[in-house]
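First chain A sits with chain B, and in the next complex the same chain sits with chain C.
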Partner chain A sequence: MVEKFDVIVVGAGPSGNSAALRLAQAGLSVLQLERGETSGSKNVQGAILYADALEKLIPDFREDAPLERHIIEQRMWVLDDDSYIGSHYRSDAFNKQPYNRYTMIRSQFDKWFSERVQKAGALVICETTVTNLLLDNQRVIGVQTDRQGGEIYADAVILADGVNSLLAKKAGFHPELQPKDVALAVKEIHFLPQELIEQRFNVKDDEGVVIEMVGKITKGMMGTGFLYTNRESVTIGVGCMLSDFKKQNTTPYALLEQMKAHPAIQPLIQGGEMKEYTAHLIPEGGYNAMPDLYGDGWMIVGDAGMFVNAVHREGSNLAMTTGMHAADTLIELRKEGKEFSKTNLKRYQSKLDESFVMKDLKKYKDMPDVFHTNPQFFNDYPEMLSKAARTMLTVDGVDKKTKEKEIRHDFRRRRSLFGLVGDAFKLWRAFE
Partner chain B sequence: MHIVVCIKQVPDSAQIRVHPVTNTIMRQGVPTIVNPYDLFALEEALRIKDQYGGRVTVLTMGPPMAEAALRKAISYGADDAVLVTDRVFAGSDTLATSFALASAIKQINKDMPVDLVFTGKQTIDGDTAQVGPGVAKRLDMQLLTYVSKIRSLDIENKEIVVERRSEGGVQVLKTKIPSLITVLEGNNEMRFATMANMFRAARYPVKIWNKDAAGIEDITKTGLKGSPTVVSKVFAPTPRAVKAEIIQCESNEPKDLSVTLLTKMFTKFPKIEKEISKRAA
Partner chain C sequence: MSVVVKVEEKLFQNRYKVDSGRPHISIIEEDKCRNACQSHACTVCCPAGCWTMEGNGNVTVISDGCLECGTCRIICDEHHNVSWEYPRGGYGILFKFG
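Right after this comes the complex of A and B.
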């Protein structure tokens, strides 16, 4: 028997689940295919859930979604070898419902999300890999899976198959990923008793803390580290650009081991039992590295389309939003009785352009290049800042004016006046 | 030929963690799988169906989430699936479980006479290997345990010949059907489901039976009430105090290796050296 659906969604991460949920709710026949054992079994994220994107899809998600802690404090640390200088922002305003951000454990969250998708009426089939797209001339008409009798047809296929979308690559929708456009991140979850977490991070109930880190922990490579508090565990991880790992000839786990031994970080995770170790690629090429996002009978959503805001560590919210817009495009076209042609699917691009997704990605489009070519932001500045703070805070009989001079001298020695001005300009241009 | 395969959904033991403080098993977030031994039983049943025709019904008792295990069995090619689930079954030991399963099989038998019942040799979470024999006893069926291979099936004369692994060798046994067979691991490999069966499994309405549907009237034989086994304590083994050690040796010659090892041993346990030299003398 030939199976035919309105839409096939490939992948059951946040973007695929969002698309499938929306489509099924609108009454379209949806098949979602996932290669992992369950939704979420192949997925890796820090993980912070930004409520806004999910709320648009599932307004009552807070009632039963498996959430860990809502974030009331954000720390930004710049680290050198044995110190950090940073800022903490904590506000009781973050303690007012509805909360804005949560930590979560993706394997549990994705399972919950997938249940919602199935309840909405989508047919979800796991442990099935889509190996090829079925084409009629240039038009996508279905998918081929790795199972016997695996040809399935659809009016449209949404590619939500994650970073390094082999499907899109095979179909020629986008070229091979470049090492400079992807980060490799590793993370560990360490089990710690709830009371200990609350003591160490000065929180109570389900309040949580986020620590974002830059500096010498990445050994001059473009990347960041992070530490999140879950209910009964702490997530710690680090990610750098793949091209930098290659250049430095170092491994992610070595980097994470060193980071865990940092005197500012070690006491926070001490005594924890490691429960989970995962690694994943993150598409961080930004706007300039994005593939074509739609064509005849197909659309790309989520990581597969490079929808990650590396500067603000946002990804899953972009994934959900792109999944939602892709679904809405198809729902509208179906209502209007229009076919899913390339011309008509342009509406997906317009929706994205109008949303925060494209606006943010455009804003930071030069950021990857700036950081790729200027390692001083990850090496020299953390050390300079740390030294400056140490100089000012050490009471040793030297007057403050002399100390200031010393700091200025150190900055100029390391980056030159021209370099300092240039760096400031580069950052300003990139963030503008 | 109607074969009922009893399966169980178990936590994936490879991913179980023990809570460092309370020493209890942390089941939260641990993925579940079909008990691996049961998959060998299911595959054996499917092969018989392929060869002789007939019907394969999978049966499990468990919480509502055990439906996923049955759905998986459907994707491999089982025809029907029954989940026996009821609050009165909570806390069942092997005796109470075999009672409930036997009752359910009697109900299934009404629909189409059951010729064979297959189970895995044991589960990986309970490790008792008692439920299969318990069911056989209650159904008054011939029981064959540790079966490694089904040699032949004579439908006309209602006879089955199997190989059974036992101490000292393999027994070839012939018995009358209906019978219950507990299947050993490793003699077959579960097939890769076809796309059509994946669709069938995704859409299949699993039969959910409560105690009444399973034909159970006497609830004192189910759940905690019907379970004489009491687990008084569960604890994690204490790690050994003595640490293992890798003994380095520059040469790879057996003689040098043994000298190095013995020197090390005798230095650590002088008593042993004394004893050996005394005997040698």
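Right after this comes the complex of A and C.
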């Protein structure tokens, strides 16, 4: 007997789970394949959950989803070797239900999400790696798995197989990723008593803090660091473009160790017990680096389709939204009695174009290039800002006008007036 | 400021189910690593330290501690000399927290 489903979803991260849930809820027969022992056991994220995208799929998620803390304060730090200059935004508005952002622990969250998918009626099979797509000419007709007799057929396959996107690459749908289009992030989770976290970060109950960091912690590479508060742990990590790691011959875990030892960061994690070290690639190439997103019998969702807004550190919400739109496309076509052909699946692209997903990705399409070609944003400016702040804040008998002159002189010496104006212009154009 | 880091101590905290005798990453042509490649970026940038530059100039990979990120494959963009598959279902890194 040949096994055949309406849809096979490859991967059980946020994009795959969103697609599978939606399809199963609409009554389509869904097989979801996951290579980990459970949904989540192969997945890595910071992790911030943006409520809006999940709410559209599971309106009552707050009732039983494993959430850590809701974010009431966002800190942005620009770090020098021994200082940081930064801005903090904290508001009690973020303390009003329904909360907008949460920290979470990915493996727990994904497991919960997967239970919802199974309850909706999808068949979820774990510990099964999909090794190839089954093709009839250019049409995807199913998948080959690493189980015996592991050929399974479907009218459509949704590729939610993550950043490496091996299946679409093997099928010739897109080329290999470029080092300039992916960031490598390494991260640790440190456990600390709940009260200690609340004291250190000036929060109570389930309130949480996010710290996003740029500057010399990335040694001039294009990248950022982060520290998120969970209930009884903090996650701390740093990520930079893979092309920069290669160019600078830098070892990622050494970079993380140096960041952890920074005098502004070390006291926040002191005494914690490190219980896991993870690494993950983040597809940050943006709009210009996106692959084809659909074809005859297939669609790409989530990280596999490079759906990450690197500027705003958003990814899981794009993953969920793309999974939802891919599913909705199939549900509509099935209702209309139309086949899952490339021509008909163009509707997926239209749905994305109309949503925040493509609008945001298009808006920041030039951002990766600006930062790739202008490393001063990650090296010179942090030092210049730190020195300026230190000069102004040190009371030493020098008058303030002379201090301002000194700062201006330093800025011009390091970047020239044209350089400064040019940098401002580049940033404005890229953010516009 | 330099910090000495042993990645083994970090990986020790992680949970793995190693597929003994069936490595999911391998070098396609060992000669290329030895003679054609100048950077040996894999030996520096792999976040799990799976890649080693031996004293005799050979590059070796032991994927037991692999975090399955894909760095080594993508960073080998001049020579495309890394054969990289996901481990068999259920094997490899099993993230406790992720």
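Definition applied: the second predicted complex is superposed on the first by the 432 of 432 C-alpha atoms of A that agree within 3 Å, B and C clash if a C-alpha of one lies under 4 Å from a C-alpha of the other, contacts with A are read in each partner's own complex, and residues count from 1 in each chain.
The rule we apply is simple: a residue touches a chain if its C-beta (ideal position, glycine included) is under 8 Å from a C-beta of that chain, and two chains touch if they have at least 3 such contacts.
What you see is a predicted model; the values in this text were computed from it and never measured.
In the superposition on chain A, contact of A:149 is made with chain B only, not with chain C.
Shared-chain residue A:252: touches chain C; no touch with chain B.
Of the two partner chains placed by the overlay, only chain C lies in contact with A:44; chain B stays clear of it. Of the two partner chains, both chain B and chain C are touched by A:105.
By the touch criterion defined above, A:280 reaches chain C but does not reach chain B. Once chain A of one complex is fitted onto chain A of the other, the partner contacts of A:89 are absent, as it touches neither chain B nor chain C. In the overlay built on the shared chain, the residue A:184 is in contact with chain C alone; chain B does not reach it.
Taking chain A as the reference chain, the count of touched residues is higher for C when chain B and chain C are set side by side. When the shared chain is aligned, chain B comes close enough to touch A:124, but chain C does not. Residues 37, 41, 105, 107-108, 128, 145, 147, 275 of chain A contact both chain B in one complex and chain C in the other. Residues of chain C touching chain A in their complex: 1, 3, 5, 7, 10-11, 13-14, 17, 39, 41, 44-45, 47-49, 67-71, 73-75, 77, 80, 84-90, 92-98.
Of all residues in chain A, those touching chain B in their complex are 1, 3, 37-38, 41, 105, 107-108, 123-125, 128, 145, 147-152, 191, 193, 273, 275. Residue ranges of chain A in contact with chain C, taken from their complex: 35-37, 40-45, 47, 81, 105-108, 110, 126-129, 131, 145-147, 163-164, 166, 176-179, 182, 184, 186, 188-189, 233, 242, 245-246, 249-254, 257-258, 261, 274-281.
The residues of chain B lying in touch with chain A in their complex are 17, 20-21, 29, 31, 192-196, 198-199, 202-203.
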